[in-house]
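Following: one structure in structure tokens, then a few remarks.
Naming follows writing order (A, B, C and D), and every chain is counted from residue 1.
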Amino acid sequence: MALSVEKTSSGREYKVKDLSQADFGRLELDLAEVEMPGLMACRTEFGPSQPFKGARISGSLHMTIQTAVLIETLTALGAEVRWCSCNIFSTQDHAAAAIARDSAAVFAWKGETLEEYWWCTDGGDATLLIHEGVKAEEEFEKSGKVPDPESTDNPEFKIVLTIIRDGLKTDAHKYRKMKERLVGVSEETTTGVKRLYQMQESGTLLFPAINVNDSVTKSKFDNLYGCRHSLPDGLMRATDVMIAGKVAVVCGYGDVGKGCAAALKQAGARVIVTEIDPICALQALMEGIQILTLEDVVSEADIFVTTTGNKDIIMVDHMRKMKNNAIVCNIGHFDNEIDMNGLETYPGVKRITIKPQTDRWVFPETKTGIIVLAEGRLMNLGCATGHPSFVMSCSFTNQVIAQLELWNEKATGKYEKKVYVLPKHLDEKVAALHLGKLGARLTKLTKSQSDYISIPVEGPYKPAAYRY
Amino acid sequence: MALSVEKTSSGREYKVKDLSQADFGRLELDLAEVEMPGLMACRTEFGPSQPFKGARISGSLHMTIQTAVLIETLTALGAEVRWCSCNIFSTQDHAAAAIARDSAAVFAWKGETLEEYWWCTDGGDATLLIHEGVKAEEEFEKSGKVPDPESTDNPEFKIVLTIIRDGLKTDAHKYRKMKERLVGVSEETTTGVKRLYQMQESGTLLFPAINVNDSVTKSKFDNLYGCRHSLPDGLMRATDVMIAGKVAVVCGYGDVGKGCAAALKQAGARVIVTEIDPICALQALMEGIQILTLEDVVSEADIFVTTTGNKDIIMVDHMRKMKNNAIVCNIGHFDNEIDMNGLETYPGVKRITIKPQTDRWVFPETKTGIIVLAEGRLMNLGCATGHPSFVMSCSFTNQVIAQLELWNEKATGKYEKKVYVLPKHLDEKVAALHLGKLGARLTKLTKSQSDYISIPVEGPYKPAAYRY
Amino acid sequence: MALSVEKTSSGREYKVKDLSQADFGRLELDLAEVEMPGLMACRTEFGPSQPFKGARISGSLHMTIQTAVLIETLTALGAEVRWCSCNIFSTQDHAAAAIARDSAAVFAWKGETLEEYWWCTDGGDATLLIHEGVKAEEEFEKSGKVPDPESTDNPEFKIVLTIIRDGLKTDAHKYRKMKERLVGVSEETTTGVKRLYQMQESGTLLFPAINVNDSVTKSKFDNLYGCRHSLPDGLMRATDVMIAGKVAVVCGYGDVGKGCAAALKQAGARVIVTEIDPICALQALMEGIQILTLEDVVSEADIFVTTTGNKDIIMVDHMRKMKNNAIVCNIGHFDNEIDMNGLETYPGVKRITIKPQTDRWVFPETKTGIIVLAEGRLMNLGCATGHPSFVMSCSFTNQVIAQLELWNEKATGKYEKKVYVLPKHLDEKVAALHLGKLGARLTKLTKSQSDYISIPVEGPYKPAAYRY
Amino acid sequence: MALSVEKTSSGREYKVKDLSQADFGRLELDLAEVEMPGLMACRTEFGPSQPFKGARISGSLHMTIQTAVLIETLTALGAEVRWCSCNIFSTQDHAAAAIARDSAAVFAWKGETLEEYWWCTDGGDATLLIHEGVKAEEEFEKSGKVPDPESTDNPEFKIVLTIIRDGLKTDAHKYRKMKERLVGVSEETTTGVKRLYQMQESGTLLFPAINVNDSVTKSKFDNLYGCRHSLPDGLMRATDVMIAGKVAVVCGYGDVGKGCAAALKQAGARVIVTEIDPICALQALMEGIQILTLEDVVSEADIFVTTTGNKDIIMVDHMRKMKNNAIVCNIGHFDNEIDMNGLETYPGVKRITIKPQTDRWVFPETKTGIIVLAEGRLMNLGCATGHPSFVMSCSFTNQVIAQLELWNEKATGKYEKKVYVLPKHLDEKVAALHLGKLGARLTKLTKSQSDYISIPVEGPYKPAAYRY
């Protein structure tokens, strides 16, 4: 594989599909800005003082129109930004083009191979890569051992190990140098955050991390209302299927599952949820949603959506039993919820690509097929355009605030090598920045009410553990 | 304008965008067939006897994947079919290609000019054209007068008159010959049906017509549930806007408006309806929807949808007062609900095309813009793919049944030059054909129950005036 | 049975439970008037001209607070009114007391026996009684034959025949004299209307009838939104059961069934519908509601509601198979949807009255019980207070308008011995009278719009067959 | 005031309205047991070992049918129980009678005066009383000072001080002796919990406390789904008002407010929320609910509900501006959300009691009135029967588990004088106990999935801070 970096006339590096889509990207960026009041308020509040002057920020996050507004908010605050996507299908090429041309170093396109994906990522500071890289360099220094890509079955991790192994030959301090420079990371996916906590617990976390995912204005908005919007959007763009009247199975009833189930129910489907957690199951029941196991319904449902964050949810053995043209898709962050490997290697199975990211897989015994979206990866980004701008503005305003915290406090020792969440008053601030656009008018506490409930007039209004 | 007809190797005529998309169209046709049990049941029930043997059927209806399944149902029953679209933006080019290559004479592509549209239509038997043509020929025979395209302000009707006028020169009996041959027409749009009843009342209707629109399985399904599906689909594909939290105005609360309001409400918008009819208004109120006039809300709403079937609903003077990036679109059959002419001719207005069928219009005074979808035409077909297959299967099964009725009874005199609706038992049959796919199990009347309520065990189950 | 009529100080006859509840009734009447703008508008518009001067109006309709406002609207327009209920459990005793004391001759109380019920009715002009009475008198005159109560199994019809038979002894022209005096009848129940059409068809209808039920502002409001309100109200008052999480079966998906299903779904139940009509079934499916037969679900559901207007829907054999404490109730007009006779005569069954209108029936084999509401009669009136005032104002404004029509046209011959529906413009007027209370602002057609769609600016806005 | 304690034949003390209602109470208790699987499972699991042998449990909680099942669960586990209500209107007298006769010492009736309420409470160990009592006794011992009831404006606290002051004369160690005996308290109201945390912070908490309110299976079920059920129930029983079409204002969008808003919206009202917290406000907006201030809507809304837990939400000055017959009610725990004092002392205001707990207050200037429910106290318990059994089973199973914890660990020092929440696995257990009744089938983690996400197969499934 030989990929070459390109440069803008001003010398900034990039690699995108087609720079000529930059004008189209800019038009959509202009629209998105109107829908992202939190980010625009950050530009207004912080832009003049250029707080990110001297900061280099590397991002690994779906390279969409919304992300482009985030990137230009960071640059408007003085940062120098490099960006890659975190999913091979999630880049919007016109967004990447506009940013590459106008604002930041972008390495992302829709439909990367896994090799290309990690090539894009390597130039950046992706958390996993840096941790694995440092570990390998230290092992190499100690024992001369290099990582063995054959030691893993996971095709993606194989590539990671290859990159690190090959890197050791040219610079055995590369990742450690990166680590030294690194002030901290802000992480917004449920799965990424989980990994950070595991590193914190095992004492292997190399730098401070802010868990943006667990800001209320992230997890209870992006995950819930974002998916409520983008699940049906992805289904419709990929298959044009009528949702009303269908039986839809949602695996998992966390925030993402709740958003998906709500969307399907409202569109007229009969929704059935599978859950391992009795509390989430009872919540679904209270909304009139049946709780069954996948085995109970696999042969009568029309639409299957995985949202669990776990692996091995829908196996090829399930898929074989499904109705003809049952739709199978995943909206969880990683692509191992659906057993794509089992499907691809099923003897005699036939893949018919209807259009990109929409495949029909026909089983030889029955001649019936199932329709798999985005090859089992994030269907809302693979088949549609992901979450809409307004809800991403909430998530991304948290990102900007988190990055400002890490950068501003880089020398104060406020943040150790641990995982932090943003304090409640910043979470409330993010929400407040989004109310005006929707015409809302908040009530203000009187002094006497404030005294009575022992809550400051200006907030924070809830204890940390409040569930919303 | 010089458009030339093309021919398949078998000699069938067509004019489509790109015949090479036929394979893609066929793949989507295969999927659609599974979702259209009513049409497939017609093929099974009637195909063997070839009832349409000798019949030539001309269709003027959005040339989509769903329509393609209808066309191939008609050909499977023995008909020779010619098709054009009924909207310049509504053709799906891959559907047109598949049909042109495999099944019928198609003249349709997405993005026709008005001249091209009527050129496509003229070869067929469009109801309006034939009525105007016959009128003109008779007048010409009587008085030698030819129609004057300058006698109308309507740009589309101008073209119709031009076509007829020019036709008189070459064959002054063309439309009368067409009329003689014509056995009858089945019509499925609310607006088209209205026009037929007006002709019936004025005694100018030239042939029998079956009003398919007022089959319950059409108007209460396609109009309502179809729009509930395709309105948000169109909004999302065109603008990616987050619907939740927005203020959405739906003009009109008929079946289409009910579907649109339900979709927007379920997606988390605050919906306001405008209505002239107090009964429909009271229905909206019972669902928690506010009834106001457009003037009351024009400057605070984010999304405007017209569904009235009337003209002059949103005028340029309204549009000038809207918020920046307010979205304005129409899902009613005709394109005169939104004052596009007023907008286009507004002094100093600037049109920025974001992408096809999504334009931002900027007013010179305020520099704020509004986003107009599909140039004011049917946004669900212009910006998305229209109604999904399952609900169109209901509508189109009515069409097949209506065409069968007209053809089978062509010599019996059963149908006079009037407008008819299908009898209740056929309407119920259409519904019944769609239950199995959704796993439904109907209850059967016992003999004693049937006697008690004086309703036959096999139906029809409701009086003709029942409202559902 | 010896029931004696009582008299007010002014000499008006009545028979109610407890006249001392009149003050309480008056307080609730005052509240109800504010919620019944249609009736109050009738008083304002017609009161001054006293159009019912000289008219005697007999009503047979649930004697509730809402009916009381109707009665006082009739008396405010000059009528002399006599009233009985049309259900043994549906009278609100304080409403009856207030009317008896202040306005009209009332014969009704909550918990009448069937004998008492028909004693109350006999003094009035109930449609069934008068038709049967006239038939019997004519037969008696011709052949000397008297009706034989033993000729029927129906316990209620037995009483009707007894009353008629006994009446023949004292006055063999009683019902015929009634009939002569009778100007016409307005009927508002689905079942009552059905009976009228059957009489019309068989040529036995003795006077003009206006079918108020099929006014849109009746059937699509009272039946639908009324039941959506009063079904959960009745369930809660009778059983305090949590609806969320339960499996609820609604038998029938007409207007009443649609209202019930909506209410249960919104309260968090999983709703399953049984239907004979494929069109209604398909409507339910489009709302995500499963269609099964009663047999499919009888042993897993928690709540059963009958809404069919048919008989023999839930039989004792179904009830035996139900879960312990399953709730069984009927909201259809007649009490033969649930097999109460089968239940009462089931060998060894034990009835435990929890409170009035809430009984637990325990089967001997299983020792499990089911809970039957209102003895199988209208549960919303038996266990709660029926439909709320606002929606009844729509229905009853239709009644007032219908009675005015019949009375004003009594000498003109406009109405023959047939069944009529009110014209569309009156239906629209009823709706319009209810908009102001809800703060609605209607849009007005412009002249040019009116011309374009050929609809008068002031309506009617829809063709007669429009389904809403 | 002279209230005398009564005794059962077995010598157990009580004071209830009418012991003869015990049979009726028992019938409803039997029904409730079927709906409370969590409590019944506790009886099965723990009953045989009699863990509460020797424990005396005092409860201060609405004395309803559901509470009765809780009480009998505690006695089934060996406890000796004494109970009073925590609201003057919330007792169901038949429940109190059944318990008094059969199971425990009850001091509660519907419609207590404040004096009676505190008389009932004093014999028990109400948290507030004991803390104030101990404080007063210590102050008295030190300085001889007795509490002065005139030192407070709060009429209720005046009574508390009077009781304590009077008690000092007869036994100046009463409350300290109580405190010594007291093993701990479990608290389930949002407001009560808040007070406990304040005492913990100020170091004045006298014994361990378990915060049951913040169990997910309490606050996200009882508060949310309980209110979604009981708010419309209370509105309907008190006023019979049609909710559809009305404008309803919900003050506060916490769990209780979310439940209320959902109920009103589903019933067809147009809901407007007032909020101080921008996050909760943004949640409401995402559901299509408008956020305004009370001042914005006070004169156009029909129904007002307070849910804030704060004071002075609806003041008499608001009430004066409301529409005629606007309904004003509170579903928050305390009765100071609505300015009842301001209303009662408004010059010339007139109170008309429609029926118990439903009053119309008429203002002298306008002659228009508003309808206040339950005198501003908890309307769902004052006007209806509170939350239904099933959801209370979740809350009360937490109570039983908490009490078991406190009692079992009384000698181990596990619990200090602090506020604790139950561990996640007990919360999940409570949920699990309620799934079977609703027919749910949970999915089980495989070993490999469990390893992948580092979550035990048997749970707990979520981190402590998870928000559900």
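As a convention for this text, contacts are C-beta pairs under 8 Å (C-beta built on N, C-alpha and C of every residue); 3 or more make two chains touch, one makes a residue touch a chain.
Small disclaimer: the values here were computed from a predicted structure and weren't measured.
Note that among the pairs B-C, C-D or A-C, C-D reproduces the A-B interface, with over half of its contact pairs the same by residue number.
When the interfaces C-D and B-D are ranked by C-beta pairs in contact, the top one is C-D. Mean C-alpha positions place chain C and chain D at a centre distance of 40 Å. Centres computed as Cα averages put chain B at a distance of 57 Å from chain D.
With touch defined as above, residues shared between interfaces to two or more other chains in chain B number as follows: 225, 244-245, 268, 282, 285-286, 290, 438-439. Residues 194, 198, 214, 216-217, 219-221, 225, 255, 274-283, 285-286, 290-294, 296, 309-312, 394, 427-429, 431-432, 434-435, 438-446, 448-449, 452-454, 459, 461-462, 464-465, 467-468 of chain C touch chain B in their complex. Residues 24, 27-28, 31, 34-35, 65, 225, 228-229, 232-233, 236-237, 239-247, 266-268, 300, 324-325, 352, 354-355, 360, 371, 384-385, 388-391, 438-439 of chain D are the ones that touch chain C when the two sit in their complex. Residues of chain A that touch chain C in their complex: 244-245, 265, 268-271, 282, 285-290.
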